[in-house]
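Shared between the two complexes below is chain A, which pairs with chain B and chain C, respectively.
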Partner chain A sequence: MSSLAKQIDTPVEENKVPDMYKDLQRRKKVILKNRLVLWAIIAALVTWAWTGTNFSIAFIYTGTANMAAFIFTDLLPPDFSAFGRYLQPALQTVYMSLVGMVISVIFSIFFGFMAAKNTSFHPAIAFTSRAIIAFLRAIPALIWGITLVVAFGLGPLAGTLALGLSGIGILGKAFADVLEEIDQGQVDAVKATGASWFQTMGQGVWPQFKTGFVAWSLYKMDLNIREAAVLGLIGAGGIGYTLQGNINLFQYQQASVGILMIFALILIVEYTTAKIRERLL
Partner chain B sequence: MSEVVLETKDLSMVFPDGTQALKNVTLTIKKGELVSIIGPSGAGKSTFMRSLNMLNKPTDGQIVFEGENVLKARGKQLRQIRRRIGMVFQHFNLIKRSPTYQNVLHGRLGYMPSLKGGLGRFSEEDTRQALEILRRVGLEDQAFKRADELSGGQQQRVGIARAIAQTPSLLLADEPIASLDPSSSENVMTYLKNVCQEDGLTSIVNLHQVDFAKKFAHRIIGIKAGEVVFDGSPKELTEGITNHLYYSK
Partner chain C sequence: MRPYIDKKNKMTQQIYLGLFIIFFIFSLLQVGILDERIFQAFSRVENLLKGMVPPAISEPIDVAGAAVESLQVAVMGTLWGVVFSIVLAMFAAKNVSPHISISYAVKAFAAFVRAVPALIWALLFIVAIGLGPTPGILALAVNSIGMLMKVYAEAIEEIDTGIIDALKATGASQFQVVMQGIIPSIMSIFISWSIFRFDINIRYAAVLGVVGAGGIGWELVRASRVMAYDEVLGITLVIFGMILLAELVTRFLKDRADMATLKAME
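Showing the complex of A and B:
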C-alpha cells in the first residue's frame, strides 16, 4: 500500500507520461505532413499524365461504340474457311518459340554460369557476362526482329533469332540470380571431397539450380508464344504475318480466325508448360 | 603411433578487411590421434580447419599433409590432397535435393574421371560401398530418401558417411554437433569416434562444448584470438585454463 502511494506521489512518473504522449502526437503530425506531401505529388503526376494522353470519359464512350460496331460488323462472324490458311503459320509460331527458347537456354546456361559470382572463373568474366546479358535485355525482341529482318530477310529465321537473342537477356539474368542464391556450404562440401570444377557444378550446384532452371525456361516458352505472334506483324514469320496480311486487305472476318487461334495457342502452350512443370518439379 | 600426419608452421591468416584470424599457429598432429580444438566463437577454429584443405587460403605459413606442401598445391594435386581429407560441417552441408546414398557417393568424386563424376555415373562397386557405409552409421533405412527429409542427427551421420567414403587419412569435423540437441550430439560424437577408431583415422574436431571435448578427445588444443594457448591432454585442461580461454580478456 505504501509503495503504491509512493509511486503515485513521485513527480517524475507524472511528468514522464504526458511528455511521451506529446512526443507521440508530434511524431504523428510529422508523419501526417509527409503523407500529405507524398499524396499531393502523386496526384499532380497523375493529372499531368492524364492531360498528356488526352484521356477523356467521352472518348471512351464513343470509342467503345466504334469498337463494338467494328467487332460485330467487320470481325464477326469469323470466316472459318481461313482456318486452313492459319494452321501452318500457327505451327510455325510454335516452332519459332521452341527453337528460340532452346537457343536462349543454351547460351543463358553459359552466360549465367559465367555471370554468377560464385560459379564464374574470374570477377572480370562475371562483369563482362553481366554486361552482355544486360545489353541483350535492353533491346526488346521487336527491335531485334526489325534489325534481323533487314539482315536475314522476311521469314521465321529472323523471328526465331530475335526471340533467342532477347531471351538470353532475360534467362541469363534469371539463371545468374538463381545461381548466386544457392547454398555455398553444399558446394564447399562437394569441393572438399576433391571434386573437380565440373564435378562440383554437376553434383553440388546443379541439384540446387535445377528447379529455377526448369521454371524459368518454361516461363520463357510462355512469353515466346506471345512475342512470336507480335513478331509476325513486322514480317518475322509465324501467325502474326498471316494476320497482318488479312488486316491489310480488310479481310477482317478471316483475321478474326487468326486472333482466335493466337488466343487458343497461348492457352494451349501455358497449359502444357504448367503440366510439364508439375511433372518435373 | 608416432608418424606425423599433419604439420602446420607459423600459419597465419589475415582477412581482406584486416581481421587477423590466425596468428602463427604451429601444430603437429600424429597418426591415430583424436584432437579436439576448443575456443570461443570467432577464435579462428573454423578458419584453421578450412585452411587445412584450402577452402580458404591462409596468408602466411606452411601446411604439410603427409609430406606434401598443401599451400603450394594446385589443380589436380590439390584435389588429390582434398580427397584424402574428409570433412564434416556444422550445418551438415548435404546436397538437400539429392538422395542420401548419393550424398555418400560424393565422397568418391575425387577418385573418378571428371565427366563421369559430374554426371553422377557412379560405379557399382562405389555404390555398394556407399550403401555399406550407410549401414555402418545406422542409416540403411534412410538410404533412398532425400537428404533433407532426415533429422539433424541423421543428416550429420550422412555427413560422416560422406567423409568416410573418401577413405581419408585425416578427418576434419568443424563444429559437428553445434546445431544438434544433446542426445543427437552424444550419438553423433560416438559414431565419429567409433568410425575413427575402426578405420585408424586421425581426426581433428572443432568443438565449443568443453565437456564433449574432454570426454571424446585424446588431446585438446585451445585457440583464442587466433593463437594456440593450450595444447595437452584432457586431464591437463583445468578449470582455470578453460576460464582463461572463454572468459578473460
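Showing the complex of A and C:
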C-alpha cells in the first residue's frame, strides 16, 4: 500500500495537520519543478524550430488570406467536366487500397503469429518478426512508394506493393498485440483435448482473435484510401497523379474536382467500412 | 423458424463473401499485379539491393540540414495545430459552445479538413504561398486541426458538468470556466493526443518534400530521379533514424511527466 493510500485510510489527527500541509507543499513543488523542466524543453524545441524555419506569426495571416483567395478565385467553381477524367483514377485508387489491404492482412497474419510471444515457435523468431515489423512501420508508405517505383516502374503496381509493405508494419504489430492479450486458458483447454496445431489455432485462438482482426483490417482500409490518394504524386498510380497533372498545368478548377473526389472517396470508404464493422462484430 | 433464419443468414454471409472475392479478383486484374514484372520481382529487387548496398550520402551537410528542417516543420506544424485546435474546440464542444449551430459548423469544417490528406494541403499551400517550409508548416497545422479539434471537443463534451456548474455558481466568467474547469479536466487527454499527433506529423514532414514543401523528402525524390540507389537507401536510413529519435524524445517527455505525478503521489 502506498503512503498516499495509507493517509486516506487513517483518520486525520488534529496535531498532524501542519505536517500534512508541509507534505502537500513538497509534493506540489515536485510537480511544479517537473512541469517547469518539461515546458522549458518544449519552449526550447519551439524556439529552435521557429528560428530554423524563419517562421513569423504574420505567415499565419498571410497564409490563410492567400489560401482563401486561392480557393475562392482559382479553385472555385469546380469544373465538373473533368469528372470523367478523374473517374478511372479514382476507381484505381480503390482497387489499390483493397489489394494493398489484402496483401498486408495475409502477411500480417503470418508475421503477427510469429511475433506474438504466445503463438510464436521460438523467442528468437518472435524478436526477429517484431524487428521486421518495426522497420516496416517506421518508414512512411510514400517512401516505400518512391523506392518501389524505382524497382517496378511507374504505375499502380508499385503503389499497391507500397501499401502492402507499410500495412504489414501497422497490422503486424496490431495483430501481435491482440494475440498476446488473448486468454491462454481457452487455448490450453483446446490443446488438452488433443487438438492439433491447426485445430488449436482454429478453435482456441481464432474466436478470440476475430474481433481485433476485423477491426484492425478495416482500419487499415481507411488508412489505405488516404495513402493511395497521395501515392499518385510520386507516380505510383491512383487519383493523385491526375490531380498533380492538373495543378502543374494551372487547371485549378479541374483540380478542385479531384480534391472533392478524394474527399468523397474517403467518406464513402469510411462509411462502408463502418457498416461492415457493424455487421461483423 | 430458427434453422431457416440461420440458413438464410449463412447464405447472406456467403453471398457477401462471394461478392467480396469477385471484387478482389477484379481489383487484382485492374491493379495489374499479375504483371510479368511481379514474376521478375526477385531479379528486380536483387538489382535494386545491389545498387543500394552500401548506402551512401553524397552531400551529408545538405541531407542533415534537410532532416533538421523536417523536424522543425513537424514541431511548428504541431504547435500551431494544437494552439488553434484548443481555441476551436471550445466552440465545437456542445457544452461550452456559445450556440449549437456554431458547434455544428466548426465540426463540419474539421471533418472536411481532416478528410483531405496532408500532402494535398501541402500541394495547395505551395500553389497559394510559394515554396519553402512555410507551406509545409501550414499544411501540417491545418491537417492537425482536423484531427485534434475532434478529439479535444469530444474530451470537453465528456467532462463532468458538475465542475462547470460549480464554477458558474461561484460567478466565474466564461474565460475563468475554461481556465479553471475545462483545461485541468482535459489535460491528460490533451497531452497524450498532442504527442500522438506529433509522431504523425514527423512522418508527414518526412514526405512533404515530395511535393516541394522542403525537408528531407525532396532529397529522397532527387536521389531517386537520378537513379542513385545507394543514396536512396542512405536517405531512407536517415529518415528512419530521424523518426526514431523523435519518438525517443516524445517518449522521454511523456515518461518524465508521468514520473513526476507518481513521485508526488508517494
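Methods note: the second predicted complex is superposed on the first by the 224 of 281 C-alpha atoms of A that agree within 3 Å, B and C clash if a C-alpha of one lies under 4 Å from a C-alpha of the other, contacts with A are read in each partner's own complex, and residues count from 1 in each chain.
Please note the rule applied: contacts are C-beta pairs under 8 Å (C-beta built on N, C-alpha and C of every residue); 3 or more make two chains touch, one makes a residue touch a chain.
What you are looking at is a predicted structure, and each value in this text was computed from that prediction instead of being measured.
In the superposition on chain A, A:S196 contacts chain B only, with no contact to chain C. By the touch criterion defined above, A:A162 lies against neither chain B nor chain C after alignment on the C-alpha atoms of chain A. When the two complexes are overlaid on their common chain A, residue A:A115 makes contact with neither chain B nor chain C.
Comparing chain C and chain B on the residues of chain A they touch gives the larger count to C.
By the touch criterion stated above, A:G185 is placed in contact with chain B alone, chain C being left untouched.
In the superposition on chain A, contact is made by A:G204 with chain B only, not with chain C. In the superposition on chain A, contact of A:M96 is made with chain C only, not with chain B.
Those residues of chain A that touch chain B in the complex are listed here as 183, 185-186, 188-199, 201-204, 207-208, 210. Interface residues of chain B facing chain A in the complex, by the touch rule stated above, are 53, 55, 79-87, 89, 91, 93-98, 102, 106-112, 114-115, 117-120, 159, 162, 166. Of all residues in chain C, those touching chain A in their complex are 23-24, 26-28, 30-33, 35, 37-38, 41, 44-45, 47-48, 68-69, 71-73, 75-76, 79-80, 112, 115-117, 119-120, 123-125, 127-129, 133-135, 137-138, 203-204, 206-207, 210-211, 217, 220-221, 224, 227, 229, 232, 236, 239-240, 243-244, 253, 256-257, 259-261, 263-266.
The residues of chain A lying in touch with chain C in their complex are 2-4, 27-28, 30-31, 33-35, 37-38, 41-42, 45-46, 48-50, 52-55, 59-60, 62-63, 66-67, 69-70, 74-75, 91-92, 94-96, 98-99, 102, 135, 138-140, 142-143, 146-147, 149-153, 155-157, 160, 226, 229-230, 233-234, 237, 240, 243-244, 247, 252, 259, 262-263, 266-267.
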